Structures are given as C-alpha cells and as structure tokens.
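You will see chain A twice below: alongside chain B first, and alongside chain C after that.
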Partner chain A sequence: MQVDKRFVPEGLLYARNDYWVKATADEAVIGLTAYGQDVTGDILYLELPPVGDSVSRGEDSGSIESGKWVGRLLPPVTGTVLERNSVLEEDPSGANQDPYGVGWLIRVRLADPSELEVLLSPAAYREWIEEQIRREQEEEGAL
Partner chain B sequence: MDLYDLAGIDWWSTQCYYHALAYLGREGLIICYPTSPYVCLGLHDDLEQEIDRSYCEARGLPLLRRETGGGVVYLDCNQIFFQLVLRRDNPVLPLKRQRFYKHFLQPAIRACQLFGLPAELREPADIVACGRKCSGNAAGDIGECVAYVGNILLDFDFDLMSSLLWVPGPGFKECLRVAMRRYLTTLADWLPVPPSYLQLSTALAAGFAGEFGPLNRRLPDEELEAEAGRLKQRLTDRSWLSLPGHKTKERRIKIAEGVYLVESGCARGESRILLLRDGMTTDLADCPDLLSDRNISPDTQHRASALEYIADGA
Partner chain C sequence: MSDVWRLLDTGTQPAANNMALERVILDARGRNLIPDTLHFLEFTPSVLVGYHQAVELEVDEHYCRRHGIDINRRISGGGAIYVDQGVLGWELVTGKDAPGIPGRLEEIYRLLCEAAIAGLERLGVPARFRPQNDIEVGGRKISGTGGAEAGNALIYHGTVLVDFDVETMIKCLRLPIAKLGDKLIQSFKERVISLREVLETPPPMAVIKQQMAEGFASVLGVRLEAGTLTGQEGELLDQELPRFQSDGWIRGPRRLQDNSLRAVDYKAPGGLIRISLRLDQARRRIKYAFITGDFFAYPERSILDLEATLKNVSSEPSVILQTVRSFFTTHQVQIPGVEPDDFFHALQAAIYQTGSGRKQSQANESFGGR
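Right after this comes the complex of A and B.
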C-alpha cells in the first residue's frame, strides 16, 4: 500500500525534518510523516530508543535503515521515552504504509512543552513539503 | 576536497578514517585497501544471526561494526576501497540520499570500464558487469556528515565468505558459494592480470575530481589519527559488536541487488533453499541447473555441481 506523500493530517504538529508530533497534555507521540517515509524509501529496520531513555530535540536517538542507506532518528522534541512501537522492530513496513497510524515511532513525556511552539502547523508543513518536492524534481533533472 | 590516497593500511583504519572524518565534520575522499583481512558488519546486522564466530576466531579474522548500512562483508587486500565523506548540508546531496549513488559510483564505473569491464549502474547502488555485481556499497549519516563507501573487487574469496557467515547447514553453504559465484564478478574474471593499486587509485581519483572538482592530496593529520584510534576502540568493542540487530525468521542472505538466498521452513520440519531473484522464487532442489548456465565461468560451473549434491537429497 502506497501512502500519498502529500498527506498531512490536521490535528498534528510537524517538523521540517519530516516528523509529526501529536501532543496531549505533557506527552507526545512522534512519527515519520508520509513525505518523510517517501524520502526515506522502504524501511528495512528501525532502531528506536529504549523506554526510560532521554531524547533531545534534533539529537541522534536511533537509526532508520532503508535500502542502501542508514539515517538518524532525530526527534523534534525533548523528553523521556515512555513507549516505543515494538511492532515496528519486527516489521517496520507500518512506518511506510501507515505513518500516522500503526507506524508511530515513540511516545515521550515532554521535558519542555514550549518546544511545541516552534513546530509547524499542517498548513505550514504542506507549504514546506511542496518546496521540497520542487527541489526533488530539480534534483531528478540534474542527476 | 581533500584526497587521502593511502594504499595499504591497517584493517581497522580502512573503516575508522572515514568515520573519523565524518565525526570531525571534515569532508574528504579516501582511497585505500586493508593489508590484512577482516569481517565488517553493517550497523543493524545481528552478530549471532549473521556470523559463524568460531570460524572467524579459528581463522583469526577480526570483526568490526561500521555505522553505514548493508550486510556483512569479508574484506581483504583484493578490494580497493573508495570512501566519500560530505557534510550533510553539502548542496550536491539530494534529498533522497539513495539517489546520490548514481553520482558517487560514476568514478568506479568508469575505472572498471577503463580496465575492460562492461560496468554499469544497477540502481540503486550496485555496479554490475553483464548482470553480475562487482562492487559493494553502503552509506549512512555519521555525525554531521554523510559517508558513501564502496569497493572494487579485484578478486574475491568466495569459499571463505560462504564459510564465515552463519548458515543452516552444508547444503545452504554450498548454494551460497555457488550463488555468489554466479551473481558476483571480479576484475580477475575478466583480466589475465588485474590492474595495480596505483592504476586503480589513479583512475578513481581522476573520476572523483571530474565529479566533485579538484582534489587536494594529503595524509592523515594528528587530529584524524586520534579520532580514528578512538573509533577503533568503539567499533570493535565486544558490546558494540553484540548489539541486537535485524533478526529474521528465516535465514536470508543478500547476494546482490534483488538476489537473495533463503532457507524457508516447511511442513514436516524440513526446509527448502530458495533463490529469490527480482521477485521470482525458485526452489533450488527443483532446479539444480539454475546456477550453472552458460554465463558462469568454467570455475563457477564446476562449483555449481554442489547443487546436484543438494538435489540428491543431501
């Protein structure tokens, strides 16, 4: 199943490095966006941070392997890991097929809820990914 | 860009220098080969699942886990490495990182062509000659940089590679050896005398200069040596090597892009050895000649007789 890379649900916040955040009180669920999984490609393995670990905004907290590439997991907010999606450890395809649903990555207790204020609204993120898609098309032509 | 044309260096240095450049945030191109053999795991390889440790220990083969992707590889002086480290914000890097292989592998493709191989890119990241892989490649984010690494196979010890991987039994091991021989190729298959390191490194450096601009030859400095030494400790540390990795329910070994050898369980506790190629699945017990067609070198045809052993019910 292919998810539309332009799909940006309402009710979530977004980071320019293609993560979504669903914030509730002092907790947040984090996942890769539909556009993020499209750029990453078919995910073969996800190394998620263990429960209890602290993760920091933009800091290396795990890794994502896809095809011939290993990228870093860079959470958009700081906090303590309360839960990680263990289903993805056995079968990471959910992160590609249903990135806003079964493909969520981690749930954290927020250390600094004010970090949410710098995240993008759905409308702003849609604009951002349109820019990125234009850049991709230029790159495709150049390569 | 800095060029470190290092020729033969310690086995661990062939991995640690490029990691060190990346962690130091320094761009550069390294060309080298290891003076002694070793085994290198990908970042997410599971040591227990992938490696026959007793074989490696008996052979004195050291292990290292790199921070780039891909699978376990046996590396020795018959492989010339080329390793490019770029800062993540370098504008030559596309948003879809895998697309950069097309760029990165051009110098190696041209070098292979120069020495007579009909080399071409098989996307996303293989170099093939007549459909057979002749270069191993991997990439990943390291620190604030990205590293693309590859090698050109002058020759390859297929027996040793099939022995150092953990396999479910002798039949699988034999199939693995024959399948690797069928789907991989080396310069030694094509040339009576493979090119020297100097010839290959010169061709690679010229290719990279053409792709990325002038190269400034230099040697590793104190900062790089110190960082590489620190990384040696980490990348070869027992706890790092033993990190849990990608576990699979069935034994599956990737041979080339789109080609896998798989042991698949079936009824009555028996298992079958399957060859997956471009989405097609073949049970090797049903097709003992699959790996012995006319495209295989005489040596390989000889080795393919191993499949008859499997077909005979061994």
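Right after this comes the complex of A and C.
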C-alpha cells in the first residue's frame, strides 16, 4: 500500500526531522510522518526504547533500518516511555503503510510540555516538506 | 562536504577493532571533532553481521571457532558478510546535511556507490550500480555497501572483493542452501566476482587504494590529504574497544525471528526452476532467494538481477507477482518455455511449502522458532 508522502493530518504537531506528535495535557504519541517513511524507504527493522526509559528531544533512542541503512530514532520531545508499539518491532511494515495509525512508535509522559511550542503546525510542516521535495527535485536534476 | 577530506588508512585489524573504529570515527564526525574522512581498512578473517541480525541465525559459529574466524557486528544494516585479506574495506564519513549529500537514502546510495565505481573504473573494472546498494560487474557483485548515522553525521561503507575466498564465505554463513555440493558452490561463485577474476592479476593493495581514492575524490569534488587518527579518536577507541569485543555487542539483545530455509523444485515447460530461500515469516519478507535450474535465460545475468530484486521483498503474493512481472518487462527477459508467472508460482510454492503436486526438494530446514 502506497501512502501519499504529502499527507499531513490536522490535529497533530510535527518536527522537521519528520516525526508527528499527538499531544494531550501531559502525554504524547510519536510516529514517523508519511514523508518521513517515504524518504526512509521500506523499513526492515525497528528498535524502540523500553517502557520506563527516559528519552530526550533529538537524542538517540532507537534504530530504524531500511535498505542496509541504520538510521536513529530521534524523538521530538523529552519524556518517559509509557508504551512502545511492540507489534512494529515484530513487523515494521505498519510504519510504512499506516504511519499515522498502526505505525505509531512510542507513547511518552512529557517531561516539559513547553517543548510542544517549538513543533510545527500542519500548515508549517506542509511548507517544510514542499521545500524538501523541491530540493530533492533539484538534486535529481543535478545528478 | 568540505573541500579537503582526510584520507585515513588503518591497515589490517581484527574485527572488533575495525567495527569499533567505524563507531569512533562516525561519532567523532558527529561531534565535529574531525574532518570528513575517507577510510580504508583491511581485515583478518571475520564474519560481520548486520546491526539488527542475530548471530545464531546467520553464522556457522562452530566453523568460525574451529578456523579462528572472528565474529562481530557492524553498525550498519544489511546481511552478514565474510571478509579477509582478500577484501578491501572503504568508508566515507561526512555530514548528513553537507552540500551535495542528498536527502533521500536511495539517492545517497546511488551517489556514493557511483563514487566507488569511479575508482573501480580507474582500475579497469566495468562496474555498475545495482539498486538498492550493490556494485556489480556483469550482474555479479563486487562490492556490497551499507550505512549508518549518528547525530548529524553519516557513514557509508563498502567492500571491494580483491581476491575473494567464496568457499570460506559459504562455510561461515548460513546461506539459503541445505547441503553444499560442487554445483551449488559453483553457483554461488557465479554470484560474486573479484578483481582477480576481472583483471587476472589484481594490482597491489596500495594501487587499488590509490585509484579508489582518486575515484572518490573526483566524484565528490574534494581533495584528499593523508592523515592519522587524532588523539581524541584514539581515546574514544580505547573506551569503545572493550564494548565491541564483548558478547553484549556481538550477540546483542536481538530477536530470533523465524528464518526458515525453504526449497522447492518447480517444473515449467522450458525447464526446472529450483528455488531456495530464507524467509522471515514474522516480517513476511524474503530475506534471500537463490534461483537455479536448467532453463536458459537471456540476458544471462537476468536471474542474478532477479535475486537482487527479490531481496527483502514482501512475501505477500500480490507483491511477488507484481515484482516478478515488472522485472521481466523492465529487464526484457526471455526464457524459452518459462513465463514470469512460473517464477511466481515457484516462489509461492517455496514460501508456502506447497509442492502443488510438483516435485519438492527435501531440503527443508529451520533455524527459527527458538
């Protein structure tokens, strides 16, 4: 199943490194965006942080393997892991096929809810990915 | 990318040292402690599994122990490989957001493989990029590549098979074959190629490094200056080495996924199709398919390319059918008496172990379920 890489649902916040955040008062669910999974490619393995671990904004918290590349999971907010999507660790295809649904990665208790303020609105994230897509097209033209 | 890169050559090292060095150089670049770097490395006999792989599933540990072959884990993804003195390792370490480094991973693979290919061409090797990230000569792999990232830095590395010992590789790795016969060994030999085979006499390692370095520099548009590990890198290496020598790193808390070996013989009008594959059932993916038979394929390399295309493909029937049909169309493959759908049915029979009334090999073995 192909997901439209430009799909940016309302009601979520976004980080420039292609994560989405669904926040309540003191909790947040985190996942890769449709654009994020598109640039990553077919995800073969995911390693998520254990429940109870502290994760920090932008700090290495796990791994994502696609096409012999091991990328790092860099959460867009700081907090304590309340739940991780263990189904994805068995079969990560959900992160590609349904990134905003079954493809969620972790749920955290927020350490500092003010971090949400620096995240992007759906409109701002749409602009950001359009910029990235333009850059990709220029690169393709240059190769 | 900066204009001047460091050219680093750390010579022959045991597996743990080489793997720790990669970690150290990547981290040091991520912390802006070092310049962009092209690193050459050579190996004592070693099996290196991919970051997420389980040693138990990929390696014949008993054989390795008896023959003094190191086992270690890479920081990059992909499958297990065997390396020894007949292999040159190369790696590029730079910034993820450096000018000229594409945003999409598949474009990074292409660019950095093309840089390695430029070096191989200087040696007289007609090498080509094969998606996703292999370098091949006439359909046969001469260099496998992979990558990893840390902070804002990336490492992209690969090998050049100089004088490759295929037989030892086959003995070290759990390949998709149940029992080694001369024919199978020959078939595996036909899937890889080394400089010795292309050039008859491989140039000395120093010449290979020099030409590879010039190839990388020309494609990346940079100048290389010979350098050594910095004091900080040396300190980081002292800290990291014990971890890379430990079972904790080598075995890691990896999940033992089902890794069944499936084999089937499928009779098509134009000949027998013999499929051996390793299947990751939990992830519903073909890990590796090995296709032989007594049919005649044009172009000759088609089957090797088909195997590369099937690597890590979903084992869902609709995906396999589409993958095989599209492969035959785009590669203009012709096999008298064998249709694309015969390969689909043969793959299905292997995946689901349904002989479908056709002769089925007895080579069914499972390393999984533990």
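The working rule: the second predicted complex is superposed on the first by the 143 of 143 C-alpha atoms of A that agree within 3 Å, B and C clash if a C-alpha of one lies under 4 Å from a C-alpha of the other, contacts with A are read in each partner's own complex, and residues count from 1 in each chain.
As a working rule, a contact is a pair of C-beta atoms (placed from the backbone, for glycine too) under 8 Å apart; a residue touches a chain by one contact, two chains touch by 3 or more.
Source: prediction; values computed, not measured.
Look at A:Val70: by the touch rule set out above, it reaches both chain B and chain C. In the superposition on chain A, contact of A:Arg6 is made with neither chain B nor chain C. Of the two partner chains placed by the overlay, neither chain B nor chain C lies in contact with A:Arg109. Once the two complexes are overlaid on the shared chain, A:Ser93 sits against chain C while remaining clear of chain B. Touched residues of chain A were counted for both chain B and chain C, and C has more of them. Looking at the shared chain after the overlay, A:Arg135 reaches both chain B and chain C. In the superposition on chain A, A:Val39 makes contact with both chain B and chain C.
According to the touch criterion, the shared surface of chain A, contacted by chain B in one complex and chain C in the other, consists of residues 39, 41, 44-45, 47, 63, 65-72, 132, 135-136, 139-140, 143. Touching chain A in their complex are the following residues of chain B: 42-44, 67-70, 94-99, 101-103, 124-125, 137-141, 245-246. Interface residues of chain A facing chain C in the complex, by the touch rule stated above, are 39-42, 44-45, 47, 60, 63, 65-72, 89-93, 132, 135-136, 139-140, 143.
Every residue of chain C that touches chain A in the complex is listed here, in rising order: 50-52, 75-78, 102-111, 132-133, 144-151, 255, 282-285, 312, 314.
Listing the residues of chain A that touch chain B in their complex gives 39, 41, 44-45, 47, 63, 65-72, 132, 135-136, 139-140, 143.
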